[in-house]
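In what comes next, subunit A is part of two complexes: it sits with subunit B in the first one and with subunit C in the second one.
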Partner chain A sequence: MKRFEYADEKISDNQILVAMPSFVIGIGILYLPRSMASVTTGSDGWLSLVIGGIIAVIITWSVAKLSASFPNQSFINYSSTIVTKPIATVITFLFVILGIMVTALQVRQIADISKHYLLIETPVEIISLVFLLLILYGVGNSRAGLFRLNTMFLPFVLFIALVVIVFNINHFNPDFLMPAFQTGFGGLWEGTKGSILSYAGFGVVWFYITLVERPEKTPKKAAIGMCIPIILYLVLYLACIMVFGNSVTANLQYPTIELAKIVEIPGGILERFESLFFVIWIMAIFNTTAMALDIAILALHSIFGKTNKIKLLFIVSPIVYITGMYPQDLMQLSHFSTFIGYSSLIYTVFVYILLFATAKIRKVI
Partner chain B sequence: MVKIHNNRFSNQNKKREQPKEDTFSNIITNNLEENLDNLNKLLDKPDDLLIRKFSIRGSEHQCATVYIDGLADSNYVRNNIIENLQIQRGKIQIPQNKEMLFDVLNQELLSSTTLETGLTLDDASNGILSGNTVLYIDGIDKVFIIGTQGWEKRAIEEPVTESVIRGPRDGFVEDLRTNMTLIRRYIHDPNLRFKTHQIGRRSKKNLVVTYIADVIHPDILKEINRRLASIDTDDAPESSFIEQWIEDDYLSPFPQLINTERPDKASAALLQGKVVILLDGSPFVLIAPSTLGTAMQSPEDYYERWTIGTLLRILRYLAAFIAIFLPSLYIALVSFHPGMIPSNLAFSIAASREGVPFTPLVEASLMAITMELLREAGARLPKTIGQTIGIVGGLVIGDAAVQAGIVSPIMVIVVALNAIASFALPAYSIAIAFRIILFGFIILSGIFGLYGIIIGYIMVNIHIVNLKSIGVPFSTPFAPTFFKDWGDLIFRKPVPLLTERPRYMQPNNKKSTVKENKE
Partner chain C sequence: MGNFLRLMSCSCLLILTGCWDSLPIDERGFVIGSAIDMAGEIQDKNYDITVTHQFVVPGNLSNLSQSGGGGGDKKAFQNISATGQSPFQITRNMLSLTDLIPNSEHLKILIISDEVAREPDLFSSVTDSFIRDHEMRREVKVMITNGKAKDLLENESDTEQLPSRHINNIMENNIKSLELIQSVRVGTLHQYLLNDDSYVLPLITLSGKDINYNGAAIFAGKSDQQVGTLSNEEIKGLRLVKGDITNGMLPFHIDGELMIYEINTANSSIAINTANPEKMDISITINTEGFIAEMFGSRSLLDQQYINKIEKEISKKIEQTVNNTVKKAQQELGIDFFNFSSILRQKHYDVWKKIEKDWEDGEKLFSQSKVNVTAKAIVRDIGASDKAKDDGME
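Showing the complex of A and B:
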């Protein structure tokens, strides 16, 4: 008789499929249309989004493939077998720092946006502290729980995005899509860089695939999961362009939330839909942040071995909070976010090439 | 005997010389008088212990029947035991040999459906205390324990806590045997199992674990048996004690085992691969494991046609939403995001709040606590006065509070709607859980508005996904996701399509319609 399954810490590859979009969809999409529109003309940003998306899928698939060839081994274990243990420890530790930075960034950004749209009078420090405590509660409980939360929240998030798009259809103006294919190569490249940053969810693949019991199909599932945010971003971007036009989109702080602002609920039972939209979106941001912190803790745990998870959380969370509170204004925050985006992207690619090449040379796989 | 070690009491202790305790042995001897004496010493000669000594059919063999008046059926004892043993009739010869006498009694004279032999005083006293009659025979070091249980019990009535418009009207009663019969009458399956445990060091109550052997996943059964074995208590007066002993998380507001008074609900759970726990003396049986989805279902969903069943369930989820969120949403909108309320409504809310001295947070907390008071008072009072409480509380206090300008009329509507919604839920335990959470949301929304509500919502979700019921995640089949089970979750498929047992229970035999299971 088979064991009573699914109730333990192991996760299925379908949960990876859900975890990918849950990790990727977060704050990025709220301002992505702006960064796309500001470097491209007309609706050409979609080209950048698609190119960036394809690159993101390829990276996801390759990393997943590499991870999956070491089933049921933690990242530090299999990277130790490829490159030596000290180097593997350094690599893992950099992932920890990256995870902490991503968490800090999200905690700060959510507080800024909440202050802007929901809580005008509450200080940013309080809003982010509350959110950080929530994250700690989520991460402090079981890891399987986080994956279940992904499956419970993603439908809400996709649904509210769909509502925003559907109720904006009567505002769509197809003329804004023109002129097409007028952006130069430089603009497209800039856009592609921006879009890859918004897809950066590779950490999930590095660390979580090792928890999958039978990871043969997981690379495919991870790649499929990666496609969900690409489609969502594409649709939301096009909706922004069709409603606002290129130049307005380029000048809005959070075009996606503004898109929700002009939604009129039939019957007029609720006004200012953007508040509700953002409230639901907090679920998406929660998933991103919780998983980022969880990866940091998972990586840290793999370095220090037996240390208690809760103890690690208590050590890490003040660092997260202080880092998040450090940027003084929106400009600094935006630099911080770009820096983290690039470093996580470059670092992932670098580690992949390092591990893959060494593994090939030393014939580990 | 209690020994007091404290010196202060030692003097008094010496003065009050404890009478030397009567000693008696646990074994049953050949001597009838000694045996009866031992028994009397153990039980301290209670008035309701009836001992009748006589000789078997006029022979020189002395014997005695012992039973407790009221627990055993006196008529049965007289007609089937004493009469048979006393009066000479038929051709049965009473042998001289004690061994042979025992056999003759066992085989021919004692006409009772249940008959056991006891070897120790404990066997005998347990038998007597559970309503059996014990037969001592002089010269034999064994006793007969004859099943004569028959006490006053409540007739089967309609369940008070779970009434349905359409469906069977019988409900469980306090008597364990009757409850087992009720389940047997619903499921005539040879694989239906009743396993008895004994609970309570002093009360020695019977607890029966019921399941269908070829449907249930053995791990669940093993886990339940392990937890039941860990129970160590003097008495379990209600099945709720069992629930609180074996539940996974005692800090959770959510009920991890569902209780029911309805045999149809219990047997439906059995067919889904779950375990039903019956406790003697409690009309509420426990269904384990249970999930959030099952807590929101009522048997009536299946008895009405599927469109009605589905709509009822959607209505119930809406009720759950109102029961948890309505007051907090009102607070958030009025005090933090008035811009979100449509302008006409915003004007009328503002007008109705004119002159109200409290913030919406205080106002809502006041009303919600009043509501809890009314509910509790209505539940404790006798039914006839209970209705008065409803009228006094609901109409008089509500109206007077509005007239006096303490609360706004809209807040009364909000709280009343909220209370009605929470009582529309099928299980009282889950409704109470929601009402606890409600207060958390009221406070959060009073501090952080909509942001607080979503933070609270995520918190509750974190709790739910980590909660388990006998090892089964409480949030399944939502997450961990079992799409095949979604046909009977919020939607309720037409009955002919309900062919599979829930996947999340991982039952041994998946289909409920086809006899042969391929998998």
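Showing the complex of A and C:
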């Protein structure tokens, strides 16, 4: 079988700008308004979203800055320069595990939501498997192709989100935004934690920046890219609050999907708008999942340099599948997702501090 | 590699052969309206309810343009009732009564009998599955009826083949009247049930062969149970307080003659002075604009002083109407269906947190608060002609 070869495996920094939102926008936003509304009063969740967003941008920029100071070196290469080869290998390997777990979680969540809304009788196992096979196909091919898919899908995703908001404007009730600034510090902190988790897409910067040819401007581009999901989340959250009010938003499983369900295109052309929304959102989730798996493979490949990428893929994918099928019910799944969210956040910050401090002390940069 | 790929594609065939969720559309029974009634007597907290689903029979739906054709005699709907404890369970049991598989994606209306609505906590329980089931849309209109809800679904009209759609249309055409409240969607009901604020739902009644959409059912926020009804006149008061009126008429008397004031726009602003929580000051200002739609007298309306007098009379009439409704809320029921409570929560959160429990219950602060109504009516236009008749006997 012949494969289509792209010109090279290098990417531009604009592709990083697109990759950031493509990675971050996924399942998180479908239930984010609920987790925001349940810990805050009125519309105060926006504060949490903004604070969390600023933190996410700062982390993204810092990590990108660090990676960009070693142009054209893979993560394992430059971290070996900073903290010796064995430690760098361990760090990279933990990234592999994280990547696998994120992929597993996404595959499982998309299967659960599809079952909930679209395919009631189809077993979760089958939906997951089919989706995973699709991901394998995406990852198995050229990496540059994956980036082009990002650039192709993102406009659709943003457009459909815009449509959902615009067609809900006549349901907006600004009174629901009140009372403002009544949430205690505890509630805001809970909200901020939740929002940072939903922005967790930092893995992209660690590994993909090394593929950028001239990474001088990349940190700025990555930070700008990170702003896209922040704005999108903010707008969707406020739309949910204005349409449903705080108490209902806090009690809906997937407020964003419910928002799409309300949309009725005038003239009865499309009564079930949410199916269209769903189709396009699966594109967003595809991007997230494919990139997560790709990073795991990329990291693994950098450890076992000589092994074929396809071979690695076939070794990793059963692990992804089994991990994804492990949680039994909704609560276990939500614990699993919180655990992964925190570990990827804390791990990124930890690795950043470790590498940055050591590099400063040993005067590598 | 080649063999492996061949094996892969063959195993894919196994996965792609069928679809678990395929269900031919002609085997689906589209439920367009549902009604919930009480079945029999209540015996110590054990309720039995009857759920009626109205299924569309697409074959008998005739196109009005093809008049005289076949299918005109047969009913385009089929009502199926079953009794049990929960609506979801009942819907499942219906499978044994019909060859169709109920599908609620196109459900338009949900009618609940007031017998059900008046039981404490039962109303929120029976509506749960309509909120929870993802098949249901949040756009389903909810209404209460005096008497049997099932009868409403049986009532055929001359203009519409499906009773449910007929009722749905009635609910949508309420923009011209001040005596009707906005239809309530299941999504809004969800919010009502979650909040402790009291609320009103549309009330429809069947008189003879006609469906009357008049009146409203008042629900207490905490127990979500119907505690009373509002008459047309009282709804006017409620609508005027809520403002946001685009059309509606207000009859009043001037010098003993009837005159009709057609409201074009009305808006209200409500300010609550919370300085003294024991006796709160609620001031409602209502501004209306409109024209004279009909008059029984014969005086010329092109007279500034007369118009001023008319405007004053209208304002007085509005204040009277509103005060009447407020009195009912404060003294007769002690239920804040105006939702002053949500204004308190939105604008005076600190005070609200303290008095939340004593608003309707406990110290009944709502009933003790003082409500001031000021109305200002403007007559913009007098219609196409000044006088439609001469001075008559005078």
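Here is the rule we go by: the second predicted complex is superposed on the first by the 359 of 365 C-alpha atoms of A that agree within 3 Å, B and C clash if a C-alpha of one lies under 4 Å from a C-alpha of the other, contacts with A are read in each partner's own complex, and residues count from 1 in each chain.
By definition in this document, a residue touches a chain if its C-beta (ideal position, glycine included) is under 8 Å from a C-beta of that chain, and two chains touch if they have at least 3 such contacts.
Since we're looking at a predicted model, the values are computed, not measured.
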item: Contacts of A:247 with subunit B and subunit C, given as first, second, both or neither; value: second
item: Which superposed partner A:148 touches (first subunit B, second subunit C, both, neither); value: first
item: Touched partner set for A:282, first subunit B, second subunit C, both or neither; value: first
item: Which superposed partner A:114 touches (first subunit B, second subunit C, both, neither); value: first
item: Touching partner for A:262 - first (subunit B), second (subunit C), both, neither; value: second
item: Partner chain(s) touched by A:122 [first = subunit B, second = subunit C, both, neither]; value: both
item: Which superposed partner A:182 touches (first subunit B, second subunit C, both, neither); value: second
item: Contacts of A:130 with subunit B and subunit C, given as first, second, both or neither; value: both
item: First, second, both or neither for A:291, with subunit B first and subunit C second; value: neither
item: If touched residues of subunit A are counted for subunit B and for subunit C, the larger one; value: B
item: On subunit A, the residue positions that both subunit B and subunit C contact, one per complex; value: 1, 118-119, 122, 130, 271-272
item: Touching residues (chain side subunit B, partner subunit A) in the complex; value: 217-220, 336-337, 339-343, 448-455, 458-459, 461-462, 465-466, 468, 471-473, 475-476, 478-481, 506, 508
item: In the complex with subunit A, residue positions of subunit C that touch it; value: 1-2, 5, 12, 15, 19-21, 105-106, 134, 137-139, 187, 190-191, 194-195, 342, 345-347, 349
item: Touching residues on subunit A, where the partner in the complex is subunit C; value: 1, 41-42, 116-123, 126, 129-130, 133, 175, 178-179, 182, 244-245, 247-248, 251, 258, 261-262, 264, 271-272
item: Touch list for subunit A against partner subunit B, complex; value: 1-7, 12, 14-15, 114, 118-119, 122, 127, 130-131, 134, 137-138, 141-142, 144-145, 147-153, 268-272, 275-276, 279-280, 282-283, 286
